[in-house]
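A quick write-up on the structure given underneath.
Read from first to last, the chains carry the letters A, B, C and D; within each, the first residue is number 1.
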Amino acid sequence: MGLLSILIFLPLVATLLILVLPTSAKATYKYIALGFTFLQFGLSLYLYGNFEASLGGIQQLEAYQFVEQLSWIRMDLGAIGKLEIDYLVGVDGISLPLIVLSTLVMLMGVGASWNIDKSPKGYFALLMILNTAVMGIFSALDFFLFYVFYEVMLLPLYFLIGIWGGERREYAAIKFFIYTLLGSVLMLLIIVGLYFSVINPVTGAHTFNMLHMMNPANYVDGSFFAYIANYHDVFGIPARLIGFIVLFFAFAIKVPIVPLHTWLPDAHVEAPTPVSIILAGILLKIGGYGIIRVCYSIFPDIAATTNWWLALIGVVSILYGALNALAQKDLKRMIAYSSVSHMGFVLLGIASLTAEGLAGAMFQMVSHGFLSAALFFLVGVLYDRVHDRYIYNFRGLASLMPKYTAYVAIAFFASLGLPGFSAFIGEAFVIIGAFNAESMTTGVPRWMAIGGSIGILLSAAYFLWTLQRMFFGQTRLQGGQVWKEALTDLNTREQVILFPALALALLLGIMPSLVFSNLNASVLQLIDLIKPYL
Amino acid sequence: MNVSIPNILDQIIASVPLFKPELALIIGFIVCIFIALFLEKRWRNSTFIGCIVTLGFSLYYLIGQLSTTATGFSGMWLVDTWSTYARLIVVCSTVIIAIFLQQQHSKNNGDVYSILIAATLGMHVLSSTSHWLMGFIGIEMVSIASYILVGYFSHNKTQSEAAMKYVLFGSVCAAVMLYGLSLIYGLTGNLDFQSAEHLQGLMDAPEAIITLALLFVFAGIGFKLSFVPFHVWSPDVYQGAPTAITAFLSTIPKIGAIILFARLYQSWSSTAFYFSELSTWFMTIVAIVTMLVGNLAALRQQDVKRMMAYSSIGHTGLLLMAVFAYQDLNSYLLFYIVAYVLMNLATFIFIDQIEQQTGSTSLLSYTGLGKKMPILFTAFTLVAISLIGIPPTVGFVAKLMVFTSTFSVFQSSGDTGALLLLIIGALTSAISLFFYFKIPLYAFLRSSDQPVILKKQFGVLLVIAYILTALVILFGIFPNWVMQVLA
Amino acid sequence: MITLTHFLVVSACIFCIGLYAVLAKRSAIMILVGIELMINAAILNFVAFGKYDKLNYGGQVFALFAIVLAAAAVAVGLAIILNVYRNFKTINPENIHELKD
Amino acid sequence: MLCPLLAFLVQALLGKKSISGNIALVAILASTLISLFGVFLPIWNETTILQKWAWFTIGQHTLHVGILINNLTALMQLIVCIIALPVHIYSRAYMKGDSGIHRYWMYLSLFCFAMLGLTVSLNLLQLYIFWELVGFASYLLIGFWFTKETAAQANKKAFLINRIGDIGFLIGIALVYANCGTLDLSTLFGKTSVLSSMDKNMSWVTFAGLAFFLGAMAKSAQFPLHVWLPDAMEGPTAVSSLIHAATMVAAGVFLLCTVFPLFNETVLFVITIIGTLTALSAAIFALGQYDIKKVLAFSTISQLGFMMVGVGIGAWNAAMFHLTTHAFFKCLLFLSAGAVIHEMAHLKAKAQLTIDPQDLRHMGGLRHFMPKTFVCMVIASLSLAGFPLTSGYLSKDSIVITAYEWASHLGTAYMLIPVLLIIVSLLTAFYIGRLIFKTFFGSFKYRSLTGAGISFHEAPKAMLIPMIFLAAGSLFPFFGISLTDYHSAWIMHTLETESSYPTLAQAHLFIPALLTGGAILAWLIGWNWYVKQKYPLSENNVWVHFAHKQSYINEFNERVFVNGTIGLSRILYTFDRYVVDGLTKFFSWFVRQLSVVVYWFDKHIVDGLVNLVANATYYIGHLVRHVQNGQLQTYLGFALTIVVLGILYLIIK
């Protein structure tokens, strides 16, 4: 069993352990979860440390690292051919940063769940299953495997939101689930279509191997998604285009893009703090990762022709999300919408099809990962204390909770793209990439880049407005004296969780090469993959 | 063909080995009647044991037939992979149903087991023939046995109403089918639908009459499969019947009927018969409508059994899709059947177990039960996940394979119908999430203040259900365990 | 001379009468009777067609089986209707609608 | 040289409540010394130092960080250090006793670090980072008294408006990167410039130039993005002096000087126009202010307009020169004003008055109480007014003269700009005179209080020393030996620019000299006039007394000219307050409203649509159930009808 498998299935062991232990030992659950996630984090750091940055990955299996390949399902389906599903995992520069990020955010998530006392057994068990699924998604290279993990991820989330969530949790949970499932069942159809179109050059069988799908030579001529002699169309739309659109749709729900984002504010607002953290920190990244790993790598030709639209969607998301965030009165909802806006940058960067844009998008994902996690955690801190997060109900918190205010201010400024923090590097390079797109003739016009930069301005507006409204001025609270007493400053545990995230934001802001150096080769490889079709 | 009597006798005698499993059932049937008459009073579970033994014998002989492909009784009896595996599944699930019945209705139920065996026999007949006469006999055997099963325990209004609706609707469908069959017989002079003469006769016959006849015939099969528009009885009957019987109704009769239907479709599709193209359309439309109706109507249900009735209608749509996409290998249809049976049996056992505790099958009565029966509801949720078709469960693999084969049809033919099937199939699985997840929604997400006093929770049935759940997951992760057997 | 057509027409008429009884009669017994009529129409067909099937006598055999099965079905049906009557004190299907959406 | 600051930053973060002022002071002292002896002296007029380390690689390009020190940056760095040092010293006294003092030092050092970083940045991205960091530090400092609602509003506004500029800057960077593939300042603008091989009239160059200028506009408070600066006066006065007078606002000018080679004619012309407009409007606004700090703020904006013009006409060395001198005298002005405010605030606290300690109308006659402050302030004011013997005289002249040369080179229509600049100089003299007289002359309203045991005295030593130091710096010898010839100033010498109008005719040298002379004369007259006139305007009875002595023409002048000017100033200020600033407010209001609308759209239309689909599905489910009415015969009828329909369809088809 290789390192990656251990990384993936370690939390499953934790789940079993938690399930086996009697309820009387419920105090130990969180320690088990913490221990295992910590172990995972260490493991992911080991992966990071031993990662060979010069290897590209993307469509070359030999350039992937820590690869494990086991034949999993082999079925003879007669005329349809042989079904070939492998347990194939590996990391390249695209997945590695996200894996490290996930383990870190998971750690934060477990830390944030310290005070869960409503059936902790189920809670931590589900959290660990989610953990497994997430790791699986980021390392799976077989589409079937990917899909399995992708769907498995949804289940624990449904329950985590639905059982431990807020008032309208049922609505939020089912909305989230149906939204995502809708995307993924349609994705399944495309997976099936790809399966029929691609042949493993070694065995001659149809395959679910994503890397084979990325190589045009492996497509059967005339098959549904073939490059050559493809006369297939669906309702008049060429087959490859429809494949791309559907896959994009599936991942775009996760990203989320406007107008497929409406599950997000609901899910975030209703989810308990740790789940919000994980949702924002990891799950949104799956969308971006999927677009890079699946949509763009498997359909490079379509990616090259549709990127104008994708960039447009990205820009619209940026502005739309930011404007929505500005209108929010609920702090958590505001941050949720800010996520929409920030993830719009990811899409814009990806669509720019430049090395800068793509790397910026990846960086933005990583950065948004722990920054949004930190933000949601901060909201959670407030909510824990007074069970309210309505912005107008707070005033002048700075005098009451100076440490908290400091953390909030840092997190806000880091998120609004203050240089020196990671979000800046991400956003700046997305913008630079988008500008560069015109020089590279990838078809993304410059006004989109300008539109994106207006998003940066708007993000400053809503963060600063909130900061001023809630934290500055004379202390005046809705709940009066009761709240005043309840609003104690951050305790050590909370600081321990927050500090690394913000420190990391700073560290990555100052030394972006920590991320860039690892993903650069992969990004270039991806660009090379797409370039012939531009 | 040599029609001299000794020849026929020879043939019959030669065919008997092919008939061993059924012979075991016939003997068991008679023996069970006698046991129920004479032994039951003194020895409570004697009929049950007799039933299990009978089924065991049948199973034993079936396993012996595993790699046999043969015809017997002048071509009226087919033994091939389809029939053998279908019968295997039938017998296995009947064992579970028998245990189910024994657990829930242990008093004065001796006769039920013999009827159960009779139904099993009917299923065997249905799944191993391509002859209309045998088909009709099979359908009627299963039907009549089911009528009795539904009506047998009817102590109150709903149960008797369910039985009445079932029997009347079923009889009408059977009568209509019979009439259709008579027309087909008249037009072709042959009752073996796989034979060339039969097909030739159909092709020569006037289109109007043949259309009428075929649609009449589909009425009978449709009743068994409960596809639209012959699905209307199933929600009422499923709800009204005792849960053990509902479990039976929702699984076993469908197996035989779908096998028969698949044979029928297979023998017609891609022939010059004008109906072959039409039947493709027919299948597509029926499958789509069935999936839609089943899943949409289920959205509003408040009774779990009724909801499961609609769910099984929805699954029928998928089964039809599997039939539609048939190419040259039966394993994925069988796989779907296996998956379907596993899921449905487990579901109904869970429903029954909860009913034992709360006395209700209403979703509302599930409120907050997740805390009190965590293991049961976790397993129930897993099965529900499988019913939706989310990995890593067997339901997902089954659905994937159906989609796969449908896609290959689509790719090779460019048929819009196939595409529509795929899209609707995908969409309805998303829709189905909503109602299947009402179960965990009520059980886990809501909490009730009404204290529920729980009785003893351990039973053979639950163990079976947990094993089934485990299989649902295991086969989901390692589908090739099943597929290697089936292929 | 009574030709096949006559048989067919008669059987079609019987079938329709049966169908009418099934759909319109307000008594479960009458529905059963209707079903019986439909089955008999089919049986009539079988026998009529069977005349031309010299080889296997399939029609006659089918007819025999159909009669047996119909009898069995009706017997079960009657028993169940009796049970319904015990519970509902009526056998008018219109009044029996405990189970519905 | 950045190390002490960085090290200190860490200390400040750790050392919570300690009197971290000392650490900050030591750190800034160290940097001053290093920058003077270690950097400035060796570098000045010598070779450029360039040190770089690979930062990260993205795509094919590797970005470096590092230090680039040439004449320009060395000068800028020195200015920052030299201004920051006295401000630090001053702050120790000024901020004594404030509860958030450790935060103050933290922020201040952060600012210094950012500012120094900005000056020595190697590439544009690095520059941008420090640029924003400077803005951030300024945000923190403006909002230092965060419990004050206005302060919280002001810092938000400052940051947001700076953000607008930052976006411009970022776009500029992106454009440069997209077209040149590098952000390295030395490769971009050095000897072997990438740009030199390019056609400067390409549209992207214009756009990039304008984008950079937008950045500079926001930071250097150019019209119409100047609205944040007057509000920013909510911060402590020492901060205002350091940030909003001397260093940060000058960063915009510095940026323009740095990227000067990028600008083409169009951009430069826009810069000139905006600069002139700013200089003029801000000078007019300054006329009618009563808040001492706001007068200075508008004056700063006006002076920055001068510098912009300097850049715009291609004389960026003159702009830098003015930047340097302005840093000294404006800083001094603020510090002096701070001293006054400090005392007024003391007075207010002790006598429990409800007055605004910054309001000019409450002051007067303070020269008796604070003579040293008075002297310092007068020196600074003279320098601001461009009085000979002061540094301001040299630098301001350099801009005006060059502008004149530039205009005469281009044509008469352009003469408007130097003319306007001269008018602005006059106005400057007017308002600064008004400030001095209102503050230090006349009688003190609260004199009665001072007698009653409440002392009103000179600023403490820690405040005075820096002021005196700066006052020395505001005089001419610091910059050049020659009294009149700005060309001989050492700054101008070294930062030689290639003039875009090559024929720097000798004749032109006299005309501006004459013009300056005239200007000085005009100021002197105006000066005297205001000494007498300004006074009576506020005290009615004295005004009557003087009115008798003066001719009616004078009175007429008074009425029409002075009152008119002040009135105009008021009107224009109102305009600025309500229209320009109002526009900002309106814009922010508009964005907020837009956001509300968008949110409504999101909630009701987008989400509504989603829910509609869900509900529709749900409702269809309901419709489907209609068949299921429990009636057996309906069931049968339904099923058979469908069969019959199917048959009919198939037959008819």
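Following the convention adopted for this analysis, contacts are C-beta pairs under 8 Å (C-beta built on N, C-alpha and C of every residue); 3 or more make two chains touch, one makes a residue touch a chain.
Keep in mind that what you see is a predicted model, and the values were worked out from it rather than measured.
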#### Entry: Geometric centre: closest chain by C-alpha means
A
### Message
What's the farthest chain from chain A if centres are computed as the mean of the Cα atoms?
### Response
C
### Task
Pick out whichever of the two, C-D or A-D, is joined by more C-beta pairs in contact.
A-D
## Note on the structure
Averaging C-alpha coordinates per chain, one finds the centres of chain A and chain D separated by a number of Å equal to 40
### Query
Where the CA atoms of chain C average out and where those of chain D average out, how many Å apart are those spots?
98
### Query
For chain A and chain B, what's the span in angstrom between their mean Cα positions?
43
### Summary
In whole angstrom, the CA-centroid distance of chain B from chain C equals 25
### Message
Can you list every residue of chain D that touches 2 or more other chains, as numbers and ranges?
### Response
625, 628, 630, 632, 636, 640
#### Entry: Junction residues of chain A - those touching two or more other chains
178
### Task
Enumerate the residues of chain B that touch no fewer than two other chains.
164-165, 168, 172, 176, 235-236, 297, 300
### Task
Determine which chains touch and list them pairwise.
A-B, A-D, B-C, B-D, C-D
### Query
Inside the complex, what are the residues of chain B that reach chain C?
3, 132-133, 136-137, 140-141, 143-144, 147-148, 151, 154, 156-158, 160-165, 167-168, 170-172, 174-176, 178-179, 181-183, 185-186, 189-191, 235-237, 239-240, 297, 300-301, 306
## Note on the structure
In the complex, the residues of chain B that touch chain A are 327-329, 331-332, 371, 374, 385, 388-392, 396, 400-401, 403-405, 407-408, 410-411, 414, 419, 422-423, 426-427, 429-430, 433-434, 437, 440-441, 444-446, 478-480, 483-484, 487
#### Entry: Contacting residues of chain D [partner chain A, same complex]
54-61, 125, 128-133, 136, 143, 146-149, 151-153, 155-156, 159-160, 163-164, 166-167, 170-171, 173-175, 177-179, 588, 591-592, 594-596, 598-599, 602, 606-607, 609-610, 614
### Of all residues in chain B, those that touch chain D in their complex
164-165, 168-169, 172-173, 176, 207-208, 211-212, 215-216, 218-219, 228-230, 232-233, 235-236, 278, 292-293, 296-300, 431
#### Entry: Residue ranges of chain C touching chain B (in the complex, touch as defined)
4, 8, 11, 15, 18, 22, 28, 31-32, 34-35, 38-39, 41-43, 45-46, 48-50, 52-53, 55, 58-59, 61-62, 65-66, 69-70, 72-74, 76-77, 79-81, 83-84, 86-88, 93, 96-101
